[in-house]
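First comes the structure, then the notes that go with it.
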Amino acid sequence: MTQEKIPEFFKVSHQTVIDSLGKETLLACLDRMLLIRNFETRAEAAYQQGKIGGFFHSYVGQEAIQTACLQAVGHKHWFVTTYRCHALALLLGVTPNEIMAELFGKATGNAKGRGGSMHLYHERLLGGFGIVGGQIPIATGAAFSSKYLGKKDEIALCFLGDGAMPQGAFHESLNMAALWNIPCMYTVENNQWSMGTHISRGVANHHQITHYLAKAYGMSHYRLDGMDFFNCYGGFLVAYQEIISTGRPVLIEAVGERFRGHSISDPGLYRSKDALKETMSRDPIILMKNELIQRSLLTEEEYKAMDKANRERVVEALEFAENSPWPDPSTLEEDVFAP
Amino acid sequence: MQVIDMREAIRQAIDEEMQRDKTVFIMGEEVAEYNGAYKVTKGLLDKWGPMRVIDTPISENGFAGIGIGAAMTGLRPIVEFMSFNFSLVAADQIISNACKMYYMSGGRFSVPIVFRGPNGAAAQVSCQHSHCVEAIYGNLPGLIIMAPSNAYNAKGLLKTAIRNNNPVLYLECELIYSDNMEIPTEEYLIPVGQANIVQKGKDITIVSHGRMVKLCKEACEKLQERGIEAELIDLQTVKPLDMETITESVRKTHFCVIVEEGHIFSGIAAEVAFQIQQHCLNDLDAEIARVCQHETPMPYSKVLEKETLPTVERILNACYETLALN
Amino acid sequence: MPFTVYMPKLSPTMTEGVIAKWHKTIGDFVESGDVLLEISTDKATVEHAALDEGYLRAIIGQEGQKIDVNAPLAVFTEKPDESIEGYKAMPLGETPKAEVAPVAAPKASVPVVAKSQSKVLASPLAKKLAKEKGLDLASCTGSGPNGRIMSRDLAKAPAAQVAAPSEQMIVEEALSPMRQIIAQRLQESKSTIPHFYVRQEVDAAPIVALREELKRLEFSYTINDFIIKACAIALKKHPEINSGFDGKSLKALRFSRVDICVAVTVQGGLITPIVFDAAKKSLSTISQEMKQLASRAREGKLQPQEYQGGSFTISNLGMYGVNDMTAIINPPQGAILGVGAAQDVPVVKDGQVVPGKRMSLTISCDHRVIDGAEAAQFMRTLKQLIENPILFLSE
C-alpha cells in the first residue's frame, strides 16, 4: 500500500492577509475568537454544575476556521452547521445572553428553550442540526433558493465534520450541487476525530478524500490549515469569490483539531496526554496573538484585557441565563404548526 | 364543469399554484422530461422550464433535504416521491427536519413544503413497494397528512396543501389515478382537517380514506339492498382528524366500522376508534370494528394480495357483525 | 474575593466523584487550564483543570474522599495574602427543578357499574337507554353476540316492577335495649304459650256518648279509660282471668290484686305502665293516672316498678282506626285484651238495619290456665259493663 500523499495547504501569505485586513479588523477577529473560547469554556463549567443538560459539543480549538470564514464572506448568506454550533451563532451576532439562556433551557433562550445546544438559529442561521450529515442537503436547498430567486451575491455555507463524509447525504448533496450549479460552499471541518474514531479508521484514503471527491464531482477543492487564521481567511476568500463568479459549488477541507472530547461526556481517552499536549501547542488563538504581537499590532496587556473583557461578557451571560424565567409549561403545545 | 381523472386533477392543482405563486416549484425523479412516472406532471416542464420542474437523481434523502432547505429560505417546493416507499430513505429529513423545524427553532423557520406521491398497494408490486405510510408518519407531531380519494378532493386538497405553511404529506394512490369525475372549473379549496360525508345514512357509520373509500361505496350499495342505510365518511385529511363530523355521525347511527388500507396494528383505525369511544362511548350499540390490511408484508401473488387487503366482502361482514345481523 | 471550586458533573448521570489525586498544594498559584486534581467516576478517572486562575488556599476534599457533584472541593483567592477567615464554602445551589406543572392526579377510574345487572350483557347504549327509561335489562332478550342486549331489544322490554329497579339493600340494624327485651319476651311468649282467642263485638255508643257528656262537663276521658275500668270490674268478678301461669313450675298463678298493664307506644318501642289495684279505683282516678303514666312513659321517666309486673294487659289500637287487634300475652300473665276502633257500622235493631257504633274486643288467653268457657264468660261480663257504663257507679 503506497503511503498516502498528504496534499498541501492552500498557499497564502500572512502578510497579504494582514495588509488587506488591517489592525482593527484583525483585532476584532481575535476578539471574536476569544469570545468563542471563553463562552465554550465557561458554558462547559456550567454544564458540570448541572445547569445545562443533554449534549454539549465544544468548538474549542477550531475557532480560527469559522471566524476566518465569516470575515471572508460576510453575513448576508445562508449558514448551516452541525451540533457544534455555538461559535457560528456568536459569529453571526447572536448574543451570548441568548445562547446561554437557550443552553439553560430558559424562556429567553434563542429558540425559547425548545432547541438546546444543538439547535441555535439566527435570521441567517438555519441551525444547528443533530443528525450527522442531515444538514448538508438543507444547505444545498438554501443555496438552491438563492439561485432560484436570482440573488447573485448570496450563497449558502455548509459546515460539516470529517465524520459526516461517509454519510450518503454528503454525496447526494455534492452530486446535485454539481449537477445543478448550486452556489454552495461545503466546508469539512476536519478535527480528525469522529467521537472516538480517528478519521483514518472511518474514511478511506482520508488524506486525499476531499481532493478526489471534489474532482469526481467536478468542483474546486481547497485545503486549509484550520489552526491558522490567516491561512483560513485567505482560502475562504478565494473560494467565496470563485463561487460568486462561477456559480459552482466548492469543497473545502479545513484541517484542525478539537481540544476537548467530541462532547462533554467524552473523556477523550483515545488520545494520549502527550498527543493532546502537542495538539494544544498549536492553539489558534495563541498563534494569532503571537503573530500580531510580533508585528506590533498587539501587546500582551491588550490581549489580557481582551480576554478578560470577553470572560466578563460570558459571566454576564451566565447570570442572565440563571436569572431568566423557565418557559411556561402551558405553552408546551404552541408553535408546532406555523400559522 | 369538467370531467377529468384524478391524475389530471392533481396536475391542474400543481399547474395553477405554479401560476399563482412564483416560488412554487416541483422536483422529483422523472417529473420533468419523463413527464412523471405516472404522468401526473405531464407537460409541466414544457410550460414552466427546468428551473421550476426539476428532475432529481435517485437521492431521496438529498432532494428531500434540498426541498426543506429551500422551504426554509423563501420557496414553496413540491417534492414528489415516486412512491412513498422511497420516502423512507428520506425519513430522517422528514422526521428530524421538516416537522421539527418550526417548533425547534422557536417559531423562526417554517417549512412550507408538500411531499406528494402514490401511497399504498398497486398491482402486485410486492413487499417493498406497497407501504401505507400514514400511520408511520402520523405518530409524529408537526405533519399534516392528506389522503385524496377522487378528482374533486384531490384538486381542492392539493391547492390547500401548497398554500399551507407547514409540511404536508399528500398521499395519492396509483390504482385510482384514472378514476373520472365531474369537477368545477372554477377554483375551490378544501380546508385542512375537514372530512366529507359521501352519503348520509342512519343505520351505521363507515369511516375511511384514500382508495378504500371506493370500496366502501360499493359496500354501501350492497347494504342498501338489504335496507341498511350506511353513512360513509371520507376523512380527506388523516391528520388532523375531523372528529366532529365522525362523532356526530356515530351519535346518530350508534354503529361504526373503520376501513383502512394500512396495517392493523397501531393504524389510523386504532386512533379513530379510540377517539370515537372517548367521545361517544354511551352512544355505541356495539364495539367499533375495523377492516385493515393483515399483519404480513405485502405478498406478490395476486391471490395472496387480495386476501391481505380489505375487500367489499370483508367490509360487509364487518358491518353485519357489528349490527349483529346474519 | 475568595472563590470556591466545586465537584464537576463530568457526565449526565454522575452524582458523586472520588478525589483520586491533587495536583496542587496549598499556597500554589494555579493558572487557568492547569490540572488541579484527578477525579474518579464509575466510568473513568479524569484530570480536571482549573477554570480561573488563583491561589489555592484551602483543600476541602481529601484524596480518596467521595464528594457529591456541586459540593465544594477547594477555596482560591485572587491574591496570595487575602484572608479567607469567615468564608464559608457552600455547596452550589441546586438547579431549581423545572416547575413541573403538577400533573393532575389521574382521574379516579370510572366506578365499576353497579353489579345488580352484572351478569347481563348489554351495549353501552342499551344500558344508558334502559336506565333512562326505567327498563329492566334482566328481563330483555339480547339479539347481539352472546345474547348481548342492544338498543333495539329494549322495545320489547317490560317496565321494571319497581319504577326504577333499585338495588335491594339489606342493612343490619342493632336493636335498642328496649326492643331487645320486647323481642325476646314476645318471641318466648308466642312460641311457648298456647294462645286461644275470643272475640266480642260491643256496642260502643254508650261509652262514646258518656265520654261526650263528660267532655261537655269539662272532664276529659279517653275511651280506653272506660275499657280499663270495665276490665277491672270484670276481672274482679272473674278471678280465673286475673291469673297467670309459670311455664317452668307449670303452676297457675292467682293474682290477688287487679293490676292492669296498659300498652303505650313510645319512641323506639312499646311500654306497659301499670294501673295498680284498678278494681278499687274510680274511673276518674284511673283516667288521671293513665294520663300521667302515659306522659311519663313517653318521656322515658317510668321506674321499673311502674311497668314490671301486672296481672292483665290491655292493648288498644283503636286510635289507629283498625277493626280489631289480636295481642300476644305478656307472661307470666294469663291473658291480654286487644281493642279496635269504635266504628260506624249498620246494625239490626228491632228487625231494622240502623247505624250503630261497634267496637271489637279480642282476648288472647293462655290455655294452660284459662278455658274457653271462662274466657267467654269474662267477655260477656265485659260486654255488659261496657255497654252499660252506669254499672261503674256501683263498683
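By written order: A, B and C. Residues from 1 in each chain.
By our rule, contacts are C-beta pairs under 8 Å (C-beta built on N, C-alpha and C of every residue); 3 or more make two chains touch, one makes a residue touch a chain.
It should be emphasised that the depicted structure is a prediction, and the values quoted were computed from it without experimental measurement.
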Between the pairs B-C and A-B, the one where more C-beta pairs touch: A-B
Most central chain, judged by mean C-alpha position against the global CA mean: B
Geometric centre distance via CA averages, subunit C-subunit A, whole Å: 81
Rounded Å distance between subunit B and subunit C, as computed from the means of their C-alpha atoms: 64
Inter-centroid spacing, subunit B versus subunit A (mean Cα positions, whole Å): 41
Contacting residues of subunit C [partner subunit A, same complex]: 6, 8-12, 43-44, 46, 51, 69-70, 92, 94-96, 98-101
Interfacial residue positions of subunit B with respect to subunit C in the complex: 254, 281-286, 321, 324
For the subunit A and subunit B complex, residues of the former touching the latter: 78, 80, 109-115, 119, 121, 123, 126-127, 129-131, 134, 136-146, 148-149, 156, 168-169, 172-173, 175-176, 179-180, 335-339
Contact set on subunit B toward subunit A in their complex: 23, 25, 51, 54, 56-57, 59, 61-75, 77, 92-93, 96-97, 101-112, 141-142, 144, 165-166
Of all residues in subunit A, those that touch subunit C in their complex: 41-42, 45, 47-51, 53-54, 105, 264-265, 267, 269, 326, 329-330
